[in-house]
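Both complexes shown next keep subunit A, but they swap its partner, so subunit B is in the first and subunit C is in the second.
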Partner chain A sequence: MKLDLITRIVLVCTIAVLALLIIFPLTNILITATHENGRAVFSSIFSSPVTRQIIKNTVLLGSTVGVLGTLIGFLLAYAQTRLEFRGKKILHIISLIPLISPPFAFATAVIVLFGRSGIITRDLLGLSPVLYGYPGLVIVLTTSFFPVAYMNLLGMMRSLDPSLDEAAASLGSSKSKVFVKITFPMLIPGIASSFLLLFVESIADLANPLVIGGDFTVLSSRAYIAINGEYDVAAGAAYSVVLLVPGLLVFLLQRYWAQRKNVVSVTGKPSGRVRNIESKGAKFFLLSIPFAMSSLIIMVYVTVLIGGFVKVLGVNNEFTLDHFSYIFSGIGNDAIIKTTLLALIATPIAGILGMILAWLIVRKIRRGRELMDFLGMLGIAVPGTVLGIGYAVTFNHTTKLGEFSLIPQLAGGGAIFGGALAIIMVYTIRSSPAGQRSGIAALQQIDPAIDEASASLGASGVVTFKKVTLPLIRGALLTGLMFAFARSMTTLSPIIFITTPDTPIMTSKILSEVDAGRFGNAFAFCTILIVLVSLAMSAINLLVRGRSIESLSNPLN
Partner chain B sequence: MATNSLISIAEGDSKVRASDSSRLQLSNLSKEFGQDPDRTVAVDNINLTIEPGEFITLLGPSGCGKTTTLRMIAGFENPTFGSILLDNQDISKLTPDRRPMGMVFQSYALFPHMSVYENVAYGLKIKKLPAKQIEQEVGFVLATMSLEFLANRAPNQLSGGQQQRVALARAMVMRPKVLLFDEPLSNLDAKLRSQMRIEIRQLQQRLGITSIFVTHDQDEAMSISDRIVVMRNARIEQVGEPAEIYRHPKTVFVADFIGRSNFLTVEKIQSKTKSGKIAIKVLGKNMEVDAHEDAVTASNPVLLIRPESIRIKRSHSKNQEASGTQGRVLNVVFYGAHVEYEIETEKGNLVAVVSDPKHDEIVPVGQMAEFSFDENRAWLLPSGD
Partner chain C sequence: MNKLRITSITSVAVMLLSLTGLAISPAGAAVDRTGKTCVQEGRVVNSGGVTYTCAYTKSGLVYSQGRKLSGSLTVVCGAMENWCAAMTKAFTKKTGVETKFVRLSSGETVARLNAAKANPEFGVWHGGPADGFGVARLDGLIEKYESPTRHMIPAKYQDTDGYWTGVYVGALGFCSNKKELARLGVPVPKSWADLLNPKLKGQISSAHPSTSGTAFTTLWTQVTRLGGVEPGMAYMKKLHNNILQYTKSGTAPGQIAGRGEVAVGIIFSHDCVAYREQGLPLTVSFPSEGTGYEIGGVALVKGAKNPEAAKAYIDFTLSAEAQNLGPTVASYQVLTNPRAKLDRRMVTLKKLTIVDYDFGKASAAKKALTTRFDAEIAVAPKV
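Up next, the complex of A and B:
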């Protein structure tokens, strides 16, 4: 299909935006990493067992969390779509909670509960396990990130055409066989992309390795130390380039392999109903892990909540509002308002950018669609630490082209808008991949003939997008937006490198409270953050409750 | 716009109709997919003129290039070479939304988030027609297609036939210069299919819209078209009216694809008799038959006899061998209106269909039968491909 003029303009603008938001900072980080101290880091990969161990740690952590998180997310999604049980809605909500809180809230609560002097481990069980390091990181990261896999797989399972299952069942397949031969293979792309997301998320995470990592050093924490402890930007850039490699490698692997399996199953024709699993034993088996997981989540968040209202949780359980008044009286106020504002600005931009990318990739461009998809996903394929360092080295000064200043200073002290622009840009590029993925998934499920029908009725590409495509993927778009907002509010690793006194960000404030050992303040801060994010998510949820693709596939609606 | 609306056309304003029907020409149209060495030619140098108001069917097995041809006309694929002329204007560079074509899709492609009414009104709204006119035209089309009572339904609340009608109404309301159908009936059951065929044909004739219909179903092609274009391996095999394609196919492929065929090898005696026919010897008999011009020079032509042209009667010969016009009945199927025989002859098996059979004249399996056919009903064509 020939691209009409407006589509071409959209394409060019999108590429320009991607160039500014991700390609330029990444290029700069590569250049910085080739400075002398950076080169020393690279050569230490071969000469120094310390550096090699850091890389091994990083890959081990990413794989473990990827596998465990995907498994848990899968079980939960399966339970939601194929099982009938009491508390289904509540389980769904609980499974999403970790999305809307800063990961180190989790780490801190886990230390208080299960640490060497934890309430449960020492006071109740008399144990003193070594939590700091690999085991603690796996527990915390898996619990923090499995909802990403859950959301991903849930959307996919809901849009699977039940008539395929019915067809297989009528051909004599048992339920378990239907699952193994039909359902599962169709979910492989979703499972693969979940693993990818979790892998990248966990190796990119900076907050938890700082809080609970102990001696288990990973690349992100090493890069952070290089920049914030050793003030060695070139070495930091070099570590982040090394961190970039496994992230991008897994990403490309998944692209190459999962891309070939694209299952179009919604054609706009009515389909059958999902047959639920009735067997009690199977139900019990399938539900045990989801319920164990949700108990853990509740426990942790109760800890966070209570921890904000008592003096020192587990030591002095006396009620107090000191933590909250500390936050509201001091610098906390400013951080709360500014963080929310910046996230609110970035979220719709990210959502729209992601959807436009999805639309261009699935429906418009043929040659170079892989590249486009890759560029769009870079924001998440690139670890937050890398992105933050990239922004710091790129936008901390004016970019000049000869005498002409091309881009003003966007980040750091003395930047325009007190560095707020750089933070919005980071939020946007970190969040748009979520919109892009959900948009692509939704678009691939829509019969291309629907777009063609619109074109043959005289609608240009953009009009078709507005009137047909967008309404059909609205559910996916808003889910993507919801995720994007929560993500912006709770992200730390890229922000920590570019936050300034003029634009304090909640997550970095929480980290400094945790660092100072003031867990009470951190818990109170987390509670406020969770409340803010939940409010925004409920608002978006109300919007989704219109006509989305899910409700359309149900003829009774 | 308001003066020559769909309503006025339908009401038989012949002047409007004449000026509104369009001629579509495909010239040297080709489509290749992929790069060397994986290049495949989907459509190979097609030349075809579709006259104003004509209903033409592209017929062929899957992969013959018929759908690609249609998609190039609609603008969903860019031709590798060649041009598409609509009323002598080259439209092959236009994007689909700028071509005055209406398309009906195999999967119907109704917008699932819009009601029937909204689906049909969609294109008119894009055209920014006044609201009142949109209401009028949509109302009229829905009435024509007997869809008014479904106007507020969502597409997934409709049966397949109803969805099909909505898809047709949605294309029709745009008053397209050319209507394109991409196997629109293949998802319907047989009874509905033949009913929709008639409906589409009647509507098309009433509105006089030039139409191109893609199908792999020969019955559909025969019953609906002014002319049939038989395609094979990216090329046009034969173009002609249904009767001509059926009676006088150009190749064995066409004969076999359209209807059922018996092919007999023959011995040529004389190329051109006084009556302009060809004298041949077949099954031990001399006859003069009509022939395709290529068959005149062909070294080993074959004779096409349609099953319904064969007559069957019980053989009284003592000879139990298949020879000449005598054969053994291998299979008999009684369909009520007709009986179908499979007969083993010295030239291979023949299929014969006898209409309105008398019960005591049906030759049972295993018996010898005497068969014959009128030489005027046979057709000689070049063998092979």
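Up next, the complex of A and C:
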């Protein structure tokens, strides 16, 4: 396909942005991985049972979270679109809450509730389960990440054309047969992309393995250990390269699978009406997991909330406002304002970048689209620690091409804006992939004939994008934006390597409070963070929806 | 009315003139105060734009070498957030040098210093552990600086070559949850042998020696007190049976014990005291066979942008005045300056049995020992 000029310009700009945000810093850090200690890591994959076990753990964790998270997301989306029941709206809102999970808060609350001397496990049930390790990680990661799958699938299911279901039903198919033969195949791109996103995110996550991972070492925590405990950046980089392999494999698999079963359902032609499931038994069965999940979420967040208002949660439950006054009396204000500001700047950039990438990948480029897709996803596929060091190595000085200063110093104390630009860049590249995935899933469902119609009427690629495509993927964009903001506000591990005295970041303050054992302060900080993100998400929702002509696949309808 | 105003303006002008005169006159006759006796440690005088600090140097309480201080300073700080804040704030107040900090763990510090080697963003590394300084020195990240007050600090708490100097010492101890111990019917552990009590199975938390300096101190303490790597590893293997899981962070075992997930955490005692002060039901005890310790130090970053300010900051951190800030911000490490005040929440090292901890040997053996620990102990089934 020949690309028009503007599309070409967009393509070149996008590649330049990706080069700056991810390719350049990662290349720098990957070169480090080829040093002696890094090579030792690679050979240990074959020689050391310890390393092999770590790889197995990583794949096991990623797959479990991917499957469970996608399943829960699917059930919730199915309940929203195909079932009528009381509390539907509330269930929807609760399902979105975990998008805002500040590092540490979730894991700690789960331990307080369900740990060995947990409020529910020991005090109510008389049990003493050991959560540290695989079970704890699965609970925490699945709960924190499933909303992405949910939003992804919800958008798709809303835009599925029910006339196909109707046709099948009128030809005498049972409800379950309609689901297996019609609905499910149409959802495969969404399911595959959800699984990929959850897989990649859970294996690159660091904060949770550190808090609740116990003995269960995964590649991301191994990379962290190499850098933090062994002063060995080369080995850390090497472990991260190994980490990219399972991610890459899953990525290729899902592409292969989703591509073959691609079904277009948004055709622009009129469609029928969804027929809901009425059977009580089926309803009960389908709703049990969503309601169990939302009870867990409520318990966890209420725990975090209460934690900020009592002396030491679970130990001394006396009411106090000390934690909040501690934060507002000095150490917190600056961090709260600056973190919010930086995240607000990064959010639209990340959302738009994700959509443009999706559009280029699905509609515009043929050769190299896999590569482009993968590059866009790299931001979350590498552990934050490694990304952070990559930024520190790359942007802590002026990049020169001969005598010419190509890139000014962006990170570190001496950089312009006190190093704030590097933080915005990290926020952007870490939060655009969710938008990219939901954008791709949404676009794959839309018949290119709509675009072609626009093009044949003389509209350029960009005009078509703006007038036709964008309104159709507004829901996906919304997902991308909300996720970007939540993600930016809760990012921790890469920030550690580029934060400066001028850019105090809330998450690193939370970490300090946890280190000092002041859980009350940490919980209070988390509560503030959750409130801020919820406010911003509602604002984004209003803003994007308000301008929508017709919110076809808007998940927040 | 008018006249009055004119008079007042004149008088203000006269006052201003005389003030500038005052300010100028010492500059005209700038006195080098170096070596002059003074009365109060930490007092600062400014003469001709040169700052002299009253300090205990080798020749007694005198004004130490004067420094022209200006500009700003960024410290990379390895201790608790409010400790870092208190230190930098006090230094700013004293000298007028705007001092800020970033709080990082030692691994992060080394990685960041390495990344910005050509263009260092920090001037001083304050509160880093001895082994971290060892690595930083090998990587050429820190510079030799011997402060005039350095002789005050006991020799075993500083680098013999002058690359770093200790500001505090932390002793390894047991951090026990009284309620959990009572529930299990186990007395507060008083020895390494007590930790092997079968009743404590799955009730002890320790960090992993590869990730945490604290846990490596535990490991090396066994090697030292039992007289060799093999018996040391053998003890760790027995202890493994009682360990619930190895945490990544060194201080986490104290928090896990505090929340009652386990009965005993092996951590530095000052961290346990800090958690206890936060309201966790914890009690500190020490092993009778001998325990290990860590040193928190201070070092000059190589190529520091503002070396004069950085050096003045290091001088400051070694003074009793600065070290006394510790307990005011809930940091209860033992202070290295013998003139610093003893807080009742600090441990008295003299009352403990301390093993002869060789930091050089420990660092050299670290890689091999942690690899062995990973392969032989961490994965072993618990019996």
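To be clear about the criterion, the second predicted complex is superposed on the first by the 525 of 557 C-alpha atoms of A that agree within 3 Å, B and C clash if a C-alpha of one lies under 4 Å from a C-alpha of the other, contacts with A are read in each partner's own complex, and residues count from 1 in each chain.
In this text, a contact is a pair of C-beta atoms (placed from the backbone, for glycine too) under 8 Å apart; a residue touches a chain by one contact, two chains touch by 3 or more.
These figures come from a predicted structure and were not determined experimentally.
In the superposition on chain A, no contact is made by A:Phe319 with either subunit B or subunit C. Once chain A of one complex is fitted onto chain A of the other, the partner contacts of A:Ser512 are limited to subunit C, with no touch recorded for subunit B. Which of subunit B and subunit C touches more residues of subunit A: that partner is C. Legend: residue contacts after superposition of the two complexes on their common chain; A:Phe404 is shown touching neither subunit B nor subunit C. In the superposition on chain A, A:Phe46 contacts neither subunit B nor subunit C. Listing the residues of subunit A that touch subunit B in their complex gives 1-4, 267-270, 447, 449-450, 452-461, 463, 467-468, 471-472, 547, 549, 552-553, 555. Interface residues of subunit B facing subunit A in the complex, by the touch rule stated above, are 74-78, 93, 95-99, 101-103, 105-113, 122-123, 126-127, 154-157, 163, 167, 170-171, 174, 180. Residues 48-50, 53, 111-112, 115-117, 130, 132-133, 209-211, 213-215, 221, 224-225, 227-231, 233, 311-312, 314-316, 331, 389, 392-393, 396-397, 409, 412-414, 496-497, 499-502, 508-509, 512-519 of subunit A touch subunit C in their complex.
Contact residues of subunit C toward subunit A in the complex are 74, 80-82, 85, 100-108, 110-112, 114-116, 118-119, 121-122, 132, 135, 180, 202, 208, 210-213, 244-249, 251-252, 254-255, 258-262, 271, 274-275, 278-281, 305, 330, 366-367, 370, 374-375, 378-379.
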